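Take this structure first; my questions come after.
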Amino acid sequence: MIKVGIVGASGYAGGELLRLLSTHPEVEVSAATSKHNAGDYVFKVHPNLKGFTNLKFTAETPSEVASRVDLLFLAVPHGSSVRITPGLVETGIKLIDMSADFRFRDSSKYPVWYGWEHPAPDLLAHFVYGLPELHREQIKNARLVSVPGCIASSSIYSLAPLAKSGFIQDPVVIDAKIGSSGSGNKASQATHFSERYNSVRIYSPSGHRHIGEIEQELSSVSGKPVTATMSAHSVNMVRGILTTSSVLTRDKLSEPDVWKAYRSMYRNEPFIRFMMDPTGLYRYPDPKVVVGSNFADLGFALDSHVDRVVAIGAIDNLIKGAAGNAVQCMNLMNGFPETEGLLAPPMRLI
Amino acid sequence: MIKVGIVGASGYAGGELLRLLSTHPEVEVSAATSKHNAGDYVFKVHPNLKGFTNLKFTAETPSEVASRVDLLFLAVPHGSSVRITPGLVETGIKLIDMSADFRFRDSSKYPVWYGWEHPAPDLLAHFVYGLPELHREQIKNARLVSVPGCIASSSIYSLAPLAKSGFIQDPVVIDAKIGSSGSGNKASQATHFSERYNSVRIYSPSGHRHIGEIEQELSSVSGKPVTATMSAHSVNMVRGILTTSSVLTRDKLSEPDVWKAYRSMYRNEPFIRFMMDPTGLYRYPDPKVVVGSNFADLGFALDSHVDRVVAIGAIDNLIKGAAGNAVQCMNLMNGFPETEGLLAPPMRLI
Amino acid sequence: MIKVGIVGASGYAGGELLRLLSTHPEVEVSAATSKHNAGDYVFKVHPNLKGFTNLKFTAETPSEVASRVDLLFLAVPHGSSVRITPGLVETGIKLIDMSADFRFRDSSKYPVWYGWEHPAPDLLAHFVYGLPELHREQIKNARLVSVPGCIASSSIYSLAPLAKSGFIQDPVVIDAKIGSSGSGNKASQATHFSERYNSVRIYSPSGHRHIGEIEQELSSVSGKPVTATMSAHSVNMVRGILTTSSVLTRDKLSEPDVWKAYRSMYRNEPFIRFMMDPTGLYRYPDPKVVVGSNFADLGFALDSHVDRVVAIGAIDNLIKGAAGNAVQCMNLMNGFPETEGLLAPPMRLI
Amino acid sequence: MIKVGIVGASGYAGGELLRLLSTHPEVEVSAATSKHNAGDYVFKVHPNLKGFTNLKFTAETPSEVASRVDLLFLAVPHGSSVRITPGLVETGIKLIDMSADFRFRDSSKYPVWYGWEHPAPDLLAHFVYGLPELHREQIKNARLVSVPGCIASSSIYSLAPLAKSGFIQDPVVIDAKIGSSGSGNKASQATHFSERYNSVRIYSPSGHRHIGEIEQELSSVSGKPVTATMSAHSVNMVRGILTTSSVLTRDKLSEPDVWKAYRSMYRNEPFIRFMMDPTGLYRYPDPKVVVGSNFADLGFALDSHVDRVVAIGAIDNLIKGAAGNAVQCMNLMNGFPETEGLLAPPMRLI
């Protein structure tokens, strides 16, 4: 049994951490901080948790929380973590950062994708990119983990086997569709129901910040530079991501070639499912049947009109794209069973 | 560890039973029957369960299943159960029927609400109405349980305390809003997405079949006849029910009066939550924050313009309104902890 | 051809006025004011209107606008109109007020339903309640019109025939379901997509402000006091209202009795449709097939279990519940054909 | 004033034709046929049209209808038109075919994209591809017009300027998102609300039949062969299409280069709108603000990470993607003003 704290627990990723940890047998949540909601019961902000916790949000500093827990989750906005983290690192605490501030290994990527110079570039080398399927052994031994971005996760899961098998030579074009929870809990004109409902909004036709992570990880698994780009859309739902990635291949690939790439990489992964069925309603991954769970559902199709592999990934952006991967990393870092607290099946009908 | 079978497991209630039981530590699902899908993997029809079960649907008869399990769930259409059940009862098996066929104690209610004479009226006395909060002790000792209807459940949960306290004298008017899953998995013009989306359809302005159950249970808890009526609407979502019930009272009631009625009845119930908050977004029950769980969320408001109590209930129609109550009954019937397999918190964001 | 101005044209009702008037052959919109968007093209805020207008929002005062137009629409918040209007009235301009500030004939209703004393009670007698079907002749001769509330409109349309025929003796209970556009264009936590989607939120279980208008109009048409109350819910859509009203009658009414009440009142109304079909998908009014138009769709059902008439109304809250009725009043006030600019059929599929 | 008939008028495209023509001053709809609904009022199937037409569906043959009208719309399934049309052509009637059966100029494309040999290949040369913006003069003189596919329309509108300017050398990858009405009015398990809601279903990762049309038209406008491919998704809405097309260019293009391509082609088009705004909510085309109208909303973005133009198109699939283009063609064929009956502005809030 360990004690954990969550800094920034009133946001959606924080709320999802609280939900997942509420039934985790090895963890006690000792602190949940929130500037805006300090003093409120957690269930005031996350009413689904009524009956599951009598914790109240506190206004403690990260350091105060760190002094009384074994592990700290940082669920704070991009750019905030980097100001908090250096001080925390010195305390020796285990740290799982949900922000983007320590995802790149190469500090020169921050100006490119985030528009700022990284103030603590030396720390980057001490963080592990928290995608268990690609970095399991490193995570087991890590003290500092940086949880991948949500669209990045779906993209990397679905493209890594193709990169590893050397099928990616030309730029990959990723088309992403994401629900509203991906943009957080702060109300704005853009998220006003009357404007957001029934819309298909291309909010980032190019230049999405997750591209940098995707290239880093695909290049790493491929062993040579991989280029990717993306157009990202918000669609009419709250949870879930679907990424449809086009890999224009120089050679004609067969279905067994591609299957082999996926199977050899993910055969024993507890949270990867292949959703490929030649008949029925669910022939490919669909956020609808993965939402609520920590699975990454993967599939692919070959295009015979042009030589193209269509790589498809679906995840719950708040779970496998955020809090679920964070808990999976926590399990690995602490020697708990990797799947502990994460094996609730998704709901079928949402 | 008991073995259970599910007859009619390809429907939505059957699928939800499979999902809940997939992580229940005391149960092994030994059989899942389906005429249409016999031979298919369960996850072909319920793709969310991929990775959780390798069971296949069978075409076994209920009797065949009964011969090799300890308890049988019947998730078959209304009117089917009554043909199957008499034969099963003779085998001595424990039976939990999800249909309406054994919900009334008084056989004369079938012609009124369902339009047919009950062919096995003597059996009705052997069934217990499977609402644990009202019939816990009977269920513990029951061999035959009939699971309440979904809208009936939400209505009864929210009105029973008022009935018990004698506040209901005149007819109660219930306004129900329900998601599409309540009408099952069979495609029809009425459920065609293009017609059903964005609609608020009053599919039953009067004469809804659940009225009979509601009157039965409210009269029973009240100790005198209670009259109710209902208008039922399908709304633009898949899961969830909200019932808003108007009780025109003859006396002016105070908020403490009504609180006392609810608290005294449900104080220690593990699956009843009071969702009443004078501030914030979730001031009253809302399907949004209960869906995915076995809770019944309750609240009320007083109307000072006319003497009226507005009793509000929200449940997940497939869980607390069907499969969840069925599992809760199963736990009671078998001496398992009542909440076993049912304590997953709802998701906040769906 | 008249010139009109719209004060508060960046809101949703203002936008809908602009849309309806953009194709009205007798009207030129000369001014559209908006404090926040002054200087912006109208299509910046209402992008649907791109290609239909090159008007820009101005920061003019209502008086400035009044000095150069023939008729003024006030689409400002409740409580604002009452500050602006007295000065405008003196100019002699024709005025159509979309707010609630001049809907009551009896100033004592303002403290009851809005919580403030009316500062210009003498003006109330000069306004006509802008429901053409009930006050056509008065509107034709009116200089000052107050447009009814949206839920009030749907309720009054569906209940007025019953009131007029003397069928309403006991309090009517109205259950209202409304889309998000009813609460305006201002973002808030309550309208944040992630919180509002898939929710059925009882935002006003009792005490809704439209009750006062409904009682005023039903009493007027009935010739004796009528009492009503309401529970109002926001549902998962943007446009549209459905009201389901329960009239517990003291006598048993037949279907022909009720038909006669509706027919005799609305037989020749151009914007009232009876949506009653014993078969098919659309047996009763449904916002889905009226949205986008100026119709009020009406229907009813008898309840034989208790003596109850269920009166059902569906409208587009922004059109027949706001801008459409405003344009219909404008047509009447100016001697234009009553249906001018308002006869676009609703879309079937939204 | 001409008389027109609609064969297959109970479907969604037929219903939309009926809606658009109900207010068209130059047209009288004399016949609406439907096998399944013969004898029913049109408003029984299209309840939105109640009050706009008292027409009944008939079971007449296309030839019977042809004998008493001036122009015939065929709104029948793919594969049906080709059986009907040859006989109709001989009668000399003007014909607008909504199906795919006469869209290709080259009969060899039918086996490739539709899987069947065309039985009347000689007729193909007599049909004009009914995209007014590309074939206006031909349509004016045409007797036989074939209306483009809906996803094809959005794709071609957004890509034609790039093709014409020679910017497309490598295969274009189109990512399409479409609402449920695109798949017609026939209920199936795939369109069952409980399965279709909240889903993002990649129903055609490759091999979509509209690719053939797109290549035909882009090659024609480009003057050299253009290759395209597509992944098509159904998303959680009823109406509307968004296409996001990736053109990987061999040269670095500037924004003025691309603007010039679009402007020079579409400058005077009445139904093309450029939706590009560097600020605000609607920076790019979005189905939300075009649905209900005959516009094609276009926009683009440059990708500086890889040399890519992202071409974005949004239309209402039933209007600019079907019935609206059909009416626009009818106007051209009959010498009516091209925009007659088509200038209703879209609704903002749906």
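Letters A, B, C and D mark the chains as written, and numbering starts fresh at 1 in each.
We adopt the following convention: a residue touches a chain if its C-beta (ideal position, glycine included) is under 8 Å from a C-beta of that chain, and two chains touch if they have at least 3 such contacts.
In this text the structure is predicted, and so the values were computed from the model without any measurement.
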Between A-C and C-D, the pair with more C-beta contacts: C-D
Far-end chain from chain C, centres as C-alpha averages: A
For chain B paired with chain D, centre-to-centre distance based on mean C-alpha positions, whole Å: 46
Distance from the mean Cα position of chain D to that of chain A, given in whole angstrom: 38
Whole-Å gap separating chain C and chain D, where each centre is the average of the chain's CA atoms: 36
Mean-CA-position distance for chain C and chain A (Å): 46
Multi-chain contact sites of chain C, meaning residues that touch two or more partners: 12, 181, 189, 194, 198, 237-238, 281, 291, 349-350
Contact graph of the chains (line, ring, star, complete, other): complete
Chain D contact footprint on chain B (complex, rising order): 12, 180-181, 185-189, 191-194, 196-198, 237-238
List of chain A residues in touch with chain B within their complex: 12, 15-16, 19, 22-23, 44, 46-52, 181, 238-239, 273, 275, 277, 280-282, 289-293, 295, 318, 343-350
Residue numbers on chain D that touch chain A, as the complex places them: 171, 173, 175, 177, 189-190, 194-195, 198-202, 205-207, 211, 227, 229, 231, 233, 235-237, 240, 242, 244, 246, 248, 281, 284-288, 291, 301-306, 308, 310, 312, 314, 349-350
